[in-house]
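Next up: some structures, all given as structure tokens.
You will see two complexes here that share chain A, one where it goes with chain B and one where it goes with chain C.
Take a look at the complex of A and B:
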């Protein structure tokens, strides 16, 4: 049973600051400086949690941020890690995954049913579809972790960007030495460690405090404790996670001094409360003054076991025996720590292994059955001897904490002497030091840290790498046992404590054919729990290797992926942030009742809602206003580009299908753009302002990408011209309707007469006193002017136009009315009436293509397509019965086959019929052809091919004012 | 996130850039066959290896050329776009 020891000068807890909290509803006392786990253990609780699958009592195993069994529900927050989260007064702590509380957990019966829960149980039991839902509900309920509260308040967490020359990960002996060396070379160093204080596992050991003091006094070293390096991404961007935030650290060089993770021995009941890793006991005793027990047995296979023993003895903990898996000759008999233990009268059982731990009535370990052991034959069950004890510490080996190396694309190899994966290929800019690099001796770790620190500084541009020794000799020690696994006929010898996996489970999985590391992991779930295999991968690999009669190095570990430790998702989540562009008159639209719709990145008014009008009525009224009098639409979302230079015309000739080098100054022309394969990608209007200056528009959706592609073509061709994107600088309105000329004339300082400013002309003028560029366009099929002004003046002009139009019943109109108006004119919309395969010939736009030009993008492809003939054609259609109209994308059916589709459809009040555009096979494209369209529910809808434009086919209205 | 060295703007995070396809020499549209032209338009070499690619620094609208080993996911060199017209300078080998 664990207990709190007397105070010690170096302890981390503050005796004068006791903290009271509750655990499972019961009041418990701890101290400032405790973690949740150390406080509970110090209070003498026999066990702290139930295991994930079998609901076995569990207590501290690693005390190193991978005690996956000690996850708690704290003040409503699930899965709080007890081994690292600091204790606070008033915390309400409960165990997770229990039924009726920790002590009386009804699901503990599962421990006796383990036989019926074989490996791969899910795959086997859930085979039947009939039973699956019942099993799933049952298992969702009885296996699991904390409870997520759906009422949890929304929290936004800040992100931080940080930069440094050298990032040192791990503030143990080698990391401290590396930080000092890099700082001495002149580099700005950030040293991070997940622990609450620097020193790492070495905290309290000889010489460490001096090193910590030197680092804290050194210039240019920033020390971040309580900070995990959770992931390493491309070009040394390292995710640093602390309690409150994610820091995106970009380092010029990284020193990985992440150390090693102690591994458990595998024997029957190795999960009993009181059985823990020796490193856990060291931290508990030295930092929190919690003794592992009153009579301790140490399971040993390395020198660290004896060092731990002497530390415990010095602190007043009674060690009954050391059970060393190694035969006498391998058990470091000459080492001082070993001789110290012997001289203190501690019983040394060499060549022996724990065969089974025995639980007392309180569930805590009460004895350890030990037996003679060798790697080949295992434990000799016939010669078992019981050692009375109340704690078992395991010190049999380590696994490299090389996860960040793997994240960065590094590779390791298995070293048989060290029984550890050590770095083989290290990514550019990363340097590995200390025990993770296979260097275990204290002096060696200092030298290795210094080497890595100097190399990292040199990589970041400080000092030279020439004088730095390339390698520090790796350990002659054998810190890890090759097979610390003891079979037992009654099993419960756990490899994975997260997932309650025994040796037998893994062996069965291998027998069932899941005999590679990756398959074994996925089938058995070994290493898939919260600790992500930190204490189970290596032993699982050993079990697999034995079954396959291979070495661990021949099989390899599974892929390590971010995050290294579990990271609360709130720290990773970004803000809900949708990029949305708004035109300068956005607020005016809103005031006028705009109902918004997305258009590319923009938001645009779909229509303007008015009291007493339905959506359809509003749209119809907007259309009617334009046809009969006056309307105004914001077209500022169009891409707006200026191009200047002697070869500006040539550039446009090459980028667009039409010819613009012969366009007269003061005139505009429709521009159609295709890609290399001849597919229509964009359109707009090109205006020539001066011999060497053009202004042109792109579609709303294409404004960014078209401009970018034009820049690329300009870079590729190297013509003497330059492009400027003025999309955001300029606003644009289309002022359209029979009254547009007379109303605009009242606001405008130039002559708008047909002779002075003809159809398709472009003029510079002042509108309402604001400098404006006017273009006579015909998109909506009425007399109309596009008015482009500087964004800052947009509102003034918009309001002036509406005010001047007021006596004529002007209405602002939205995208929906514009769709009706343009469709009545038979104008296509790129991307709606065309798709990713439509060429200009098919889109009925051959008139906009000048094949005689020497070159334009897509010309060669269009030549091929022209020779081949169209596969489909865009035609106008009229629906027989305006009461039954198809929808856009409904299919045209001919003899049971798909022969086309509707691309646009509207009910035209102007024309009194339903009209649309459809892409049909050439055989159906002739005027008068009867079409059958498959409507909703499959019913046929009759239509006919008709010529376009539907409205004002001779285009008289966009030229002559007020024509009836 | 990767860092890309823009010839105009220096090292910037790759999120500031847009990919613009591989740099390929067009056959002469006047003399090539339809099959040669179709091959140029539609076929791309997807096998990993050393590629020359168009990249654009979005904020500045600057296009340039990246020589990249897609097998090792390493950028070998970056060039101003006129390198594509004037012939490439051999890249400095990676250290």
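Take a look at the complex of A and C:
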């Protein structure tokens, strides 16, 4: 059992600062400098967690930030990583994956039912569609990990950008050397490490403190500890995550010195509390003064195992035996550390393997059964011997922490000598050093780090790469065992500790045909838990390779995707900026009772609430005001673009389907825009202000995209014209209704009479003393004027218009009323009544297309589409029963098949009908055709195809001088 | 080093919403010649700015577009606008500017900027008087770094319809950084 050791000058904990916290309701004492896990381990608790699937007791495995055993619920926050989160006084810590507490977990019975829960049992047992909802509820209830509080407040975190010449990831021996070398070359260096202090896994090793001191004294090196490099994206931008924020680091060059991840040996009960990685024990002893046990057995397959043994012995920890999987000849017998172990009387069992760990009455490991072992024949179960112990440390090999290399598009190959994936293709500007590069010896890691640092600095423009050695020789010895996996007839030899996957689970999956890395992962879920395969991918690959009689290199790893570690969503969300645009009269809308709705990234009044009116009544009253007298709507959200120059007309002829070079000065024309494939993408009104000056509008949602595309086309065509986007700088109002002319005339300095200012005309004038651009358009089907003014003058004009209209019962109207008004006129809305495949012919907008022009964007496609004929047509529909109307996107059904969809629908008080637009197959497009629309509950709704416009079909109200 | 990322200090970090300064914009192949002809010293290099005698900011956006903010003395824009209205010069086109303007200043202003946009302002060649056109918290902005006796400050402009959002966002961020916000959004 683990216990707290005597103090040591190099320890990270502060004995004079005890911290009291609770674990599972029980008071526990730790120290400042402890993590949650080290404090719990130091307190001697027998086990700290339950596993995800079988609810087996678990304790520390890796103590390295990717230990899924030790996720805790802390002060209501789920899945806090105990290995790395610093202890605070008063923390309330509970285990996850339990029902009724850690010790009395009711779900521990699942461990006894393991043979009934084989790999893939979900897919085999719970595929019934009928019963699936029940199973889903059951599994959601059983599923472990932390509990998310739906009442938790939104936490805003400060994201930031940062920049450096060279980013070094990993502050171990090679990373420190790389940072120093790059800095000495003149580069500004940022060195990041996920550990609380620099030094990495080498902390405490010979010479490492001198390196750390040199780095911390260097003028151009910034050291960020407690910071993970979570992802690497294009152009070498790296996501750095610390406890409080996400930093988007852009570096000119990146050095990956991310090291290796120690791998567990696979044997029966290798998950018992007290069985841990040797690197975990080293960190616990050296940093937090927590001994792994009082009688330790080390499972070995590399030199590091013996070095760990001597560190423990030097710290007063008793090591009973070293069980080395390698035969005598491969077990580094001449290495000083090996000889030291022998000279200390530690029993060395070579060519042996752990066959099974044995639990004591408290559930903690109490012994290790070992047996003779070789890779070909496995363990000799007939010659098992039990070693008494209370801790088992595993030091059998490593996996390269190359995930960031994969994120950046790099590739690796499997090196049979090292038994490790090593870099093969590295992206431009990225350099790899140290153990992740297959260089294990301390001096070699220093040299490799220096090499990578100098190359990175040269890439960033500091020094020359010519004098830098291209490579440092990789390790001659084998730091990882080729097959550290021991079969056992009773299984429970875990490959994946996150998902409780045993060797036979993987073998069964392969047997069932899931025999590639990717298939095996998805079927068995190996590597899909919180640690994302950091402890399981390599061993799973070895099991797969054995089953298929292939080498690991022939199978390859699964795809590594960001993030490297789990990252709290709050850090990804940052401050959650939600860009919102407001028109200049936004405050006036609010004062008039606007109920807001989003429109693109604008906020617009949906309608104006009035006391005593429901939403529907307000909208109906706004519609009625426009139809009977006067209404005013803010259309400042429309895109507004000016184009100037001798070839402005030619430009518009090419950009739009219609012709505008022949448009008379002072007049407007409807403009329809399609893309190269002939699909409708935008529409608006084009006004000619002068021979070489046009002003045109786009849809609200399309303004930015359209302007960007027009700029691209202008650069492409090289015409003599210039585009100006004034969308935000000009406000726009639609002043509409039979009274609009007479009221506007009272504020305007030009003649608004029919002869002077006809329908579709455009004029420059002053309205309420403000320079304004007036367009006589009829989107809502009444006499009306769009009034466009500079944003700074908008409020004055808006208020003047409302005041002047007051005697006539003017009402400001919102988007909903406008939807009704335009639909009564049968006007389509691009993006609502059209979709990503609709061409002008299908949208009944062929009249807006001038195929005689020499060229316009999409013309060639439209010729083809015209020859092919429409696949669908936009038609007006009238619902038989106005009390039962469908909703937008409801389907039109014919003979059991989908034959169209409703694109717009309203209940028109003006007409006393429910009307809409629908996109239907051509066979159903003829006027009078009966349609069946499927409602929400599947019930049929009867409708008929009718001609549009529904209201004022001859357009007299918007065109005729006597409209009022 | 370029782009330090340390703790934000408390020394005078401030965001101010500016108001009242008139703006003028024009573009076109003859815009530079016409402005020079009006006696205005215009920046030669694209994406740089210069200060007129009365303190007006004259920014050259790309090669053929100009943005001018009136100086404290208010002597530049009125004659320019009058001349433009009267002349109707071919190849010079008006650009309506109704931008909102902000000033960011203080010892840690670059730390604040690092939380707002992805331009490394520290690494700019300030001797060239650069103009930066970028996205800041999702909004297209025009930024002019200015050297003062108190240190560097950043004047920025945005489309007025983004002004309330940008202002309230700046207010929140500068507040979290221990600075202050002055202006209508307070």
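In this section, the second predicted complex is superposed on the first by the 574 of 964 C-alpha atoms of A that agree within 3 Å, B and C clash if a C-alpha of one lies under 4 Å from a C-alpha of the other, contacts with A are read in each partner's own complex, and residues count from 1 in each chain.
We adopt the following convention: contacts are C-beta pairs under 8 Å (C-beta built on N, C-alpha and C of every residue); 3 or more make two chains touch, one makes a residue touch a chain.
Everything numeric in this text was worked out from a predicted model, so none of it was measured.
Asker: Quick one: classify A:716 as touching chain B (first), chain C (second), both or neither.
Answerer: The answer is first: A:716 touches chain B but not chain C.
Asker: Specify the partner with more touching residues on chain A, choosing between chain B and chain C.
Answerer: Per-residue touch count on chain A favours C.
Asker: So, does A:234 touch the first partner chain B, the second partner chain C, both, or neither?
Answerer: So A:234 only meets chain B here.
Asker: What is the contact status of A:547 with respect to chain B (first) and chain C (second): first, second, both, or neither?
Answerer: Neither partner.
Asker: Identify the partner contact of A:560: answer first if only chain B is touched, second if only chain C is, both if each is, neither if none is.
Answerer: In the superposition, A:560 contacts neither chain B nor chain C.
Asker: So, A:864: does it touch chain B (first), chain C (second), both, or neither?
Answerer: first
Asker: Just chain B (first), just chain C (second), both, or neither: which does A:165 touch?
Answerer: It touches chain C, and chain B stays clear.
Asker: Identify the partner contact of A:586: answer first if only chain B is touched, second if only chain C is, both if each is, neither if none is.
Answerer: Once the two structures are laid over each other on A, A:586 reaches chain C alone.
Asker: Per the definitions at the top, what is the overlap between the chain A residues touching chain B and those touching chain C?
Answerer: 250
Asker: What residues on chain C touch chain A, complex-wise?
Answerer: Contact set of chain C toward chain A: 1-5, 27-29, 64, 90-91, 93-99, 114-115, 117-118, 120, 122-123, 137-139, 159-162, 164-165, 169, 172-173, 176.
Asker: Quick check: in the complex, which residue numbers of chain B touch chain A?
Answerer: Touching chain A from chain B are residues 1-3, 18, 20, 29, 32, 34, 37-38, 41-42, 54, 56, 58, 61-64, 73, 81-82, 84-85.
Asker: Across the complex, what residues on chain A touch chain C?
Answerer: It is residues 158-165, 188-190, 220, 222, 224, 247-248, 250, 575, 577, 579-584, 586, 602, 636, 642, 644-645, 692-693, 720, 722, 724, 726-730, 790-792 of chain A that touch chain C.
Asker: If we count contacts the way the header does, which residues on chain A are in touch with chain B in the complex?
Answerer: For chain A paired with chain B, touching residues are 233-235, 237, 250, 409, 676-677, 707-709, 711-712, 715-716, 718, 725, 855, 859-861, 864.
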